[in-house]
Amino acid sequence: MHELTVRRKVEFSDTDMAGIVHFSRLIIFMENAEHAFLEALGASVSMDYEGVHIGWPRVAVEAQFKAPARFNEHVDIHVEVLKKGTRSMTYGFEMHASGRLVGTGKMTSVCCEMTDKGPRSMPIPAFLADRIEEAPGSDTEAS
Amino acid sequence: MHELTVRRKVEFSDTDMAGIVHFSRLIIFMENAEHAFLEALGASVSMDYEGVHIGWPRVAVEAQFKAPARFNEHVDIHVEVLKKGTRSMTYGFEMHASGRLVGTGKMTSVCCEMTDKGPRSMPIPAFLADRIEEAPGSDTEAS
Amino acid sequence: MHELTVRRKVEFSDTDMAGIVHFSRLIIFMENAEHAFLEALGASVSMDYEGVHIGWPRVAVEAQFKAPARFNEHVDIHVEVLKKGTRSMTYGFEMHASGRLVGTGKMTSVCCEMTDKGPRSMPIPAFLADRIEEAPGSDTEAS
Amino acid sequence: MHELTVRRKVEFSDTDMAGIVHFSRLIIFMENAEHAFLEALGASVSMDYEGVHIGWPRVAVEAQFKAPARFNEHVDIHVEVLKKGTRSMTYGFEMHASGRLVGTGKMTSVCCEMTDKGPRSMPIPAFLADRIEEAPGSDTEAS
């Protein structure tokens, strides 16, 4: 599996005084699409696995905002795998609202054992890595 | 000690498309005033004490909104102790922005041992309870 | 129509360091159920109607938290009409997650013309008021 | 003027179930440092000027997260001007908590007339542009 699209509706509390969705909420929309992708693979952004609590702190995020999204619009968030590393994942995102391109983005999350002393990186468990493919042509995009 | 006032400035991300502070942010302003009150007493809403991790989940919140607060205004949040129980605290709040009464509120938080299985109520530690007084005349208000 | 239930899934960003949903997010869940109720009636919390821009600022909110809600749980938010006033609505809420009662609440929102100078209360438009009924037995609850 | 540092304290509601500040809040911390920079220059991210309402929607955001920030820590957010364009500004950010580098970032915001039909880019007003300098050596960084 290398991609997924989730849809959500803009809520009133997602907006700001400019009358549009606050950009931080669009970034959270992307985060949630990543989480949905992991769940579609039988995993989770917060899961216990073989005695270890695994989390996926992000180390890099970027977003480009192309057009405003507004209250009550449906936003389709497309997530795809740009790069599957041994210990990290880089995802690419595209968000459309009512057919308009609202924004694009990229996130890199690291597979971590979540310990009392903080996150410690670890290899992505095989059961999960086996189910993840990079999106066609993504090598160049992610470089 | 029975009261405290904290001041904060309304941030852009506190607002919504109605051009004013979203009410959920005003409730968070109240929560933070409660936290500041605990800190002024040498405690914290999240603290380790005698081998126990203590938290203060709230069981009841209410707020009345009297006037809008706007971007960049300073909001003064006054918190006072309405009731000091054995295992819980009830706080009263008043918020002013630029001299206008923006809102009032009340919160009840329970002193809890935070365990892996969830919060479990416990008596407020004596060192802290000893430092807390009810605000004058608050008996009637809190009933 | 006098009630509605909406379902949503708890997102990672809804949680706090206590490992559970932050109470302010549960209050936003209630707000969104109110908005869904208005939409089910062909209205909206932010709508243009006969040359007027109508909004529904809330003047009072309360919530009681009964049990924690956790990441990835589905929360069912039931909203019902406790009181239909001439210019305001009072809603009652019940939230369940995985069968547990997570919280209850109440909100009063005022029908307002949203002007440049701020909100001004106005009678609920007839087309909408006609479609709203109070929940059976709600007179006593709302008093 | 080409830089500014603002300090804020991590609030409970800034955290998530991983026990650390949610990354979206760090991005909002950067946004607020940008707003503080504009204010220090006698402007605002939302201001009326010569009959026009000016806003600064962002078109690009990026952040790299280096270490977790925790509840109650003070975070120092340093903002500097990487590029002063005719109609846009690119800012660079560095965030430290208790001496640790927590994150870095970059934002590009466009000076816009905020109209009923949405934002429309415009030249940065001279009074403001005159007060802004690029940080020394920033040409290379921003490219």
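As written, the chains take the letters A, B, C and D, and residue 1 is the first residue of each chain.
The criterion applied here is as follows: contacts are C-beta pairs under 8 Å (C-beta built on N, C-alpha and C of every residue); 3 or more make two chains touch, one makes a residue touch a chain.
These numbers come from a predicted model, not from an experiment.
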Set of chains adjacent to subunit C and to subunit D: A, B
Residue-number overlap at the subunit A/subunit B interface, same or different (half cut): same
Angle (degrees, nearest 5) of the CA superposition of subunit B onto subunit C: 180
Most remote chain, CA-based centroid, reference being subunit A: B
Chain pair showing more contacts of the two, A-D and B-D: A-D
Inter-chain centre distance, subunit A versus subunit D - centres from mean C-alpha coordinates, in Å: 23
Centre-to-centre distance between subunit B and subunit A (centres being mean Cα positions), rounded to whole Å: 34
Between subunit D and subunit B, distance of the C-alpha-averaged centres to the nearest whole Å: 29
Numbers and ranges of subunit C residues touching at least 2 other chains: 12-13, 17-18, 20, 24, 28, 31, 46, 71
Interface residues, subunit A side, partner subunit B - complex: 12-13, 15-20, 22, 24, 71
Complex interface listing, subunit B residues touching subunit D: 11-13, 28, 31-32, 35, 39, 44-46, 71-72
Sites on subunit B touched by subunit C in the complex: 17-18, 20, 23-24, 27-28, 31, 46, 55, 57-66, 68, 114, 118-119
